[in-house]
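Across the two complexes that follow, chain A remains constant while its partner is chain B and subsequently chain C.
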Partner chain A sequence: MNIDLPALIVGAVLLAGLYATMSYGLALIYGVMKIVNLAHAGVMMWGAYAAFLVITRLGVNPFLAPVIIVPLFFGLGMLMQRFIVRRVMYAPPISSLLLLFGIWLIMQNVAYLLFSGDTRTITTPYTLTTFKVAGISISVNRLVVFAVGILALVGLQRFLGHTYVGKAIRATAQDGAASQLVGINTDRIMEFAFGIGTALAGLAGTLMALIFAFDPDFGRSHLLKGFCIVVLGGLESFVGVALGALVLALAEALSILVVMPALQDFISFAILVIVLVIMPGGIMGLIAMLKPKGVIR
Partner chain B sequence: MSISRSVFRMMVGLALVGLFAPLLAACGPVAPAAPAEIVLGTALPLTGGQAREGGYFKKGYELAIKEINDAGGVMVKEYNKKIPIKLILYDDKSDNTTSVQLYEKLVNEDKVHALLGGYGTPLISAHTVVPEKYQVPYVNGGGATGEIYARNMKYIFGMLASIEKLAHTLMDWMAAQQDAGKLKKPVKIAVVGENTSHGKEFRKGVQDKTKAAPDRFQVVIDEPFELNLKDADPLLQKVKGANADVFLADARIADYTTIHRRYTELGLSHLIVSYGPRGTEKAARDALGAAADYIVSCNWWSADIPTQEAKAFAEKYQKAYNEPAEWFPALAYETARVMAKAIETAGTLDKVKVRDALAKTDMKNSLVVGGRVWFEANGQINNDYVMMQNLPGGKLGLIYPKNVATTDAVVPIPKK
Partner chain C sequence: MSKLPRSFGRRPFTWKLWAGLAGLLFLLAIPLLRLAGGYLQTLGFLTFLYVTMSTAWNILGGYTGQTSFGHATFYGLGAYTTTILALRGVPPLLTLPLAGVIAAVYGLLWGYPCLRLRGQYFAIATIGVGEATRLLMLNLDDLVKHSALFEGLLRKGVLTGGATGLMLPTPPDIRAYATAFYYGGMALMFVALAVSWWVKNSKFGLGLFAINMDIDAAETVGVPTTRYKILALLLSAFMVGMAGSVYAQYVFYIDPQTVFGFPVSIAMVLMPTIGGIGTLVGPVLGAVVYVVVQDRILTANLTLGAFRLSLSTMHLLVYGGLLVLIVLFEPKGLIGLLRRFVSWWERRGPQRVAAASSHPRRGEP
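Right after this comes the complex of A and B.
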């Protein structure tokens, strides 16, 4: 069987952009608040429905939909943190896990009530439009999704490295108590971080809706994939998340050379287990470990 | 000689019995008191992932029961009268455990006389253990997978022909295309299916026919894929690399849309493309546009079947619910009618006798494909499928079997 390897790799790289976008928010919220946001899947699903409404009902250009959706979800995330999540911030981790799981279920059931269980899709003028580069078909939709993933990474890196709020988020992620001592309002910063994480999840849902069909159960398997990516990337680094997404997408794609496509999820979770056991710091941890020895310059 | 008082009384009693006995005999046996209603029960996925299909089933059941009740009910010979049907309907929330609990409730608390099925293989596989355990006759119109009927159950009957048969129908149709000179011989097939019993049975059906006719068919790739596919690229790259002439897949609507979008983006093309029972759904056709044209599908029913029964149902469904009839309510409607017919044939509400009547069902002038309902020894119907092809402009043509075909199939698919 002749597998078109370059096309397979290009497809995986483009998919990695989407994988990264859906994982940034998870990593940010974990990094700052040390909570695993199980509601992330519900937010992605709502991001898909928000895109559906904005594009099909309001007639907004699909690629401009994030301009409406990202601020909206940022606000919702802040409200969610202030009125709900904050109450369990300092409780044992199981409390936040259960709370956010409950929120996910509520989001899912509200979506069933409002939109029914019907499978939805968003069709844009660019859906199915492709162009060829060196004989490889590139989907315009996927390329835009990839570009947005890269833009989100660059934007996040700049925001965290060059703004007061960004630096405060990093400081809070490193040491909350010390941040308070130097006058950072960590409650406010956590609210902000949760808002950004939620906005990123909403953005991911919007982008995914341009590629995949969705229903209220949408996001479940993407959440699990997001966990793998965040663990693989090293839990608290966005560059690590992007690298983790790339490694996972490539591993899944290339795995078809040796195993059947139905085992793609198996590959993801095998990577998760292996990384947790032998490389708990993920890719960024490995890089940090290798640096002093002069392997990476 | 004196007769004691008690002996005297006994003699008078016997004399009276002797006097009135012929009169009583002339009156014949008295029918036992009839129940006010025949109670049927069902649990459908009215919320959750299968809510859309569950909603269709609810409408189909209610339409059939309304019709039966408007005609006075079901004639039950044992009571010598027509008895109306009462349907107890619960929402299983698309959850297997809830479905089982609700069927237990229907049997043990609601004391139903018989059960109608839910929708979907996972739910039906789960809840069918209940009617079997309590020996309550049960018919469903929403579970096709053979594994439901392979458990040697006596009280479970199904109105959907098996998925293997679906694949066989598709292959038989391809053989007919070969015989008509529209498709080469042997034809190289790429077959993929969701990694569920549904997908496995579809792939097995294709493989069975291939083994039976190696001069006609050659499977060059046979792959399962995960449900709710995130990335169809690896799967489709394998399909592309296999250089098949025909692409056959078994997928749910979401995966069908995802796969075929990517299929189109990658510029793949085959002489025939089919997603098993999928293809005609409006949501998918809207999502795929012209890319969905010429896809061939195999289904249990279509409103376009040119029979009086199918047309009559399509019309009354449209009138009742102001929406076009799909196969879901059609099969639900017929499921309820088959149960009513079995009760009438049994002439009693005795569960064993109704079950026996179901096993011997031979219902003519049905709206199902072929017009006849009967059950094989495993409890599953074995009627024909109807094959359709999406045509440009959102149109649809029935292409197989010949007796219901409304148009000739377009084979091979024109290059776009």
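Right after this comes the complex of A and C.
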């Protein structure tokens, strides 16, 4: 079998941008609220269907769809946090896990009811266009998706670093009680963070819908990949998430050299379990561990 | 005052005993009566199977508090062990304990590393394990074909049959066979319940409850937390594996999507949680509700004028809604709701007596 390695790597990097978008919401919600958002998968799936409706029914340009979808999902996330998730904030972690799992089930089955189980695809004018750089053909579609995802993340990074609300979100993630002491309304901030996380999931779903086929069960494998990335990258930093996304995308792409394509997802789930068990600190944790020993500078 | 609760406490016991006996007799008589053309018998068998699974999950998920979304791996392995061996000439019933053992061994394989994770991380890891196992079983044949070491496992070029699944031959007298399985399923359920009861009332169970409440504190007072968690997983896996084996023998056909599918794992999370997590009776109640609701909804069609809606995919919507309501308002599940109702009823009783006795006095001039 002849495999074009450079093209494989370029493809993996482009996919990593999408993975980062999808995982950052998960990391943000975990960071601020210390809850694992299983409903993330449902939100991604709804994002995909929202894109489908906006693009095919309203005839919006596929790459402008996020402009409509992101605010919509931000609102949805705020409402979810205010009326449902907030009630289990201080309960044992398992209740929030089960609660969000229940929400995921509801979202999934509402989608089955509304859209049936048929697999859908969105074809854009650019779906089949490619261009060549240095002999590597790149899909325009994937490049634009990558660009939108990265743009959103960079914008968010600026927001978190340079605005009051952004700094308050980071402070709450670091220490909720201390943030309250200095006068941050952490309840409001959590609502906001959940909104942002949900909006990111919606955006990721929209972008994925432009590349992959989807059905109401879509999102479960991506959720697992998201966990994998978050655990790989550590929960604190944007850089970590980007790094984790890159590692996972590359591992997946290169796994084709070793195992058959049908087992590609197996690789990412295996990585998830292995990383969770042997290096809970992720890549950053590994670096932090090796630094004092002088292995890495 | 002190006499009242005692007499209250004794009478429901005999009442419960008689009701239990009547219920048991009814369950035993179902195949003989052939109610609703054997429909009740099928439903009963499914309920026994689900009660077994629900009770088994509850030992790890309820008593120990380690929520597993990967129990379908045990169910599937049990089903596949039995089917693969039966196709090679082993009597299916003899494979039953082996199915449990293989499931437990697999449980040890992934449980040993994963159980070191805490709470939410364990739950995520189990989703990963479940999905990875399903993908592996889906593609196992292709992997085996290419390796000289395992090639001998194939029979007519097939080990697991991939997505096509495996088919068992059906016996000649299907009705007697089904009836036998009805009683077999019932026996399995009672074994599972006995094990669950024993665990709950043993020192081992006490350790599990301690782990659930505070693992660090449990460790401090000398509970061997890791060993207990693994033992709970093994026990749970063994019983779910046997349930999977019984299922395979009953339906004669299995494929990775049905026995290893995420819905199987979801069912095992939902039943005990809805019924009452960490209790003995809760998982039973949850499983009964699960089977009945699923059965009612799968066959229902909602007709609103010209608009016909098939509800066949709705049952998970109902359970999702139930799960959300239960987590928000009654974390102890239906059992908690029932207990709340009973205590409300008992509190209400004496007041009414008092009101009734005071009434004539007030009527006096």
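Following the convention adopted for this analysis, the second predicted complex is superposed on the first by the 282 of 297 C-alpha atoms of A that agree within 3 Å, B and C clash if a C-alpha of one lies under 4 Å from a C-alpha of the other, contacts with A are read in each partner's own complex, and residues count from 1 in each chain.
Keep in mind that, in the parts below, a residue touches a chain if its C-beta (ideal position, glycine included) is under 8 Å from a C-beta of that chain, and two chains touch if they have at least 3 such contacts.
From a predicted model like this one, the values you see are computed outputs, not experimental measurements.
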| Clash or fit: what happens to chain B and chain C when chain A is overlaid? | clash
| request: Determine, under the contact definition given at the top, whether A:52 touches first (chain B), second (chain C), both, or neither. | output: neither
| task | State whether A:221 touches chain B only (first), chain C only (second), both chains, or neither. | result | both
| message | Applying the document's definition of touch, where does A:213 land relative to chain B and chain C: first, second, both, or neither? | response | first
| Which partner does A:238 reach: the first (chain B), the second (chain C), both, or neither? | neither
| message | With both complexes overlaid on chain A, does A:137 touch chain B (first), chain C (second), both or neither? | response | first
| message | Applying the document's definition of touch, where does A:12 land relative to chain B and chain C: first, second, both, or neither? | response | first
| request: With the two complexes superposed on chain A, say which partner A:121 touches: chain B (first), chain C (second), both, or neither. | output: first
| said: For A:262 in the superposed arrangement: first (chain B), second (chain C), both or neither? | reply: both
| task | For A:73, decide between first (touching chain B), second (touching chain C), both and neither. | result | neither
| task | Run through 166-174, 184-192 or 328-336 for chain C and report the one that clashes with chain B in the overlay. | result | 166-174
| field | Shared chain A surface residues [contacts with chain B and with chain C] | value | 109, 112-113, 117, 220-221, 260, 262, 265
| message | Under the definition above, what is the set of chain B residues touching chain A in their complex? | response | 45, 47-52, 55, 94, 192, 195, 221, 223-226, 228, 230-231, 233-235, 237-238, 240-243, 252-255, 257-258, 261-262, 264-267, 283-284, 286-289, 291
| request: Using the touch rule from the top, collect the residues of chain A that touch chain C in their complex. | output: 35-36, 84, 87-88, 91-95, 97-99, 101-106, 108-110, 112-113, 117, 220-221, 223-224, 227-228, 260, 262-263, 265-266, 269-270, 272-273, 276-278, 280
| query | What does chain C use to touch chain A in their complex? | reply | 65, 67, 110, 113-114, 116-117, 119-121, 123-125, 127-129, 131-132, 135-136, 138-139, 142-143, 262, 266, 269, 273, 309, 313-314, 316-317, 319-324, 327-328, 331
| said: Help me check something: in the complex, which residues belonging to chain A touch chain B? | reply: 1-4, 7-8, 11-12, 15, 109, 112-113, 116-121, 123, 127-128, 130, 137, 139, 141-142, 211-217, 220-222, 225, 249, 252-253, 255-256, 260-262, 264-265
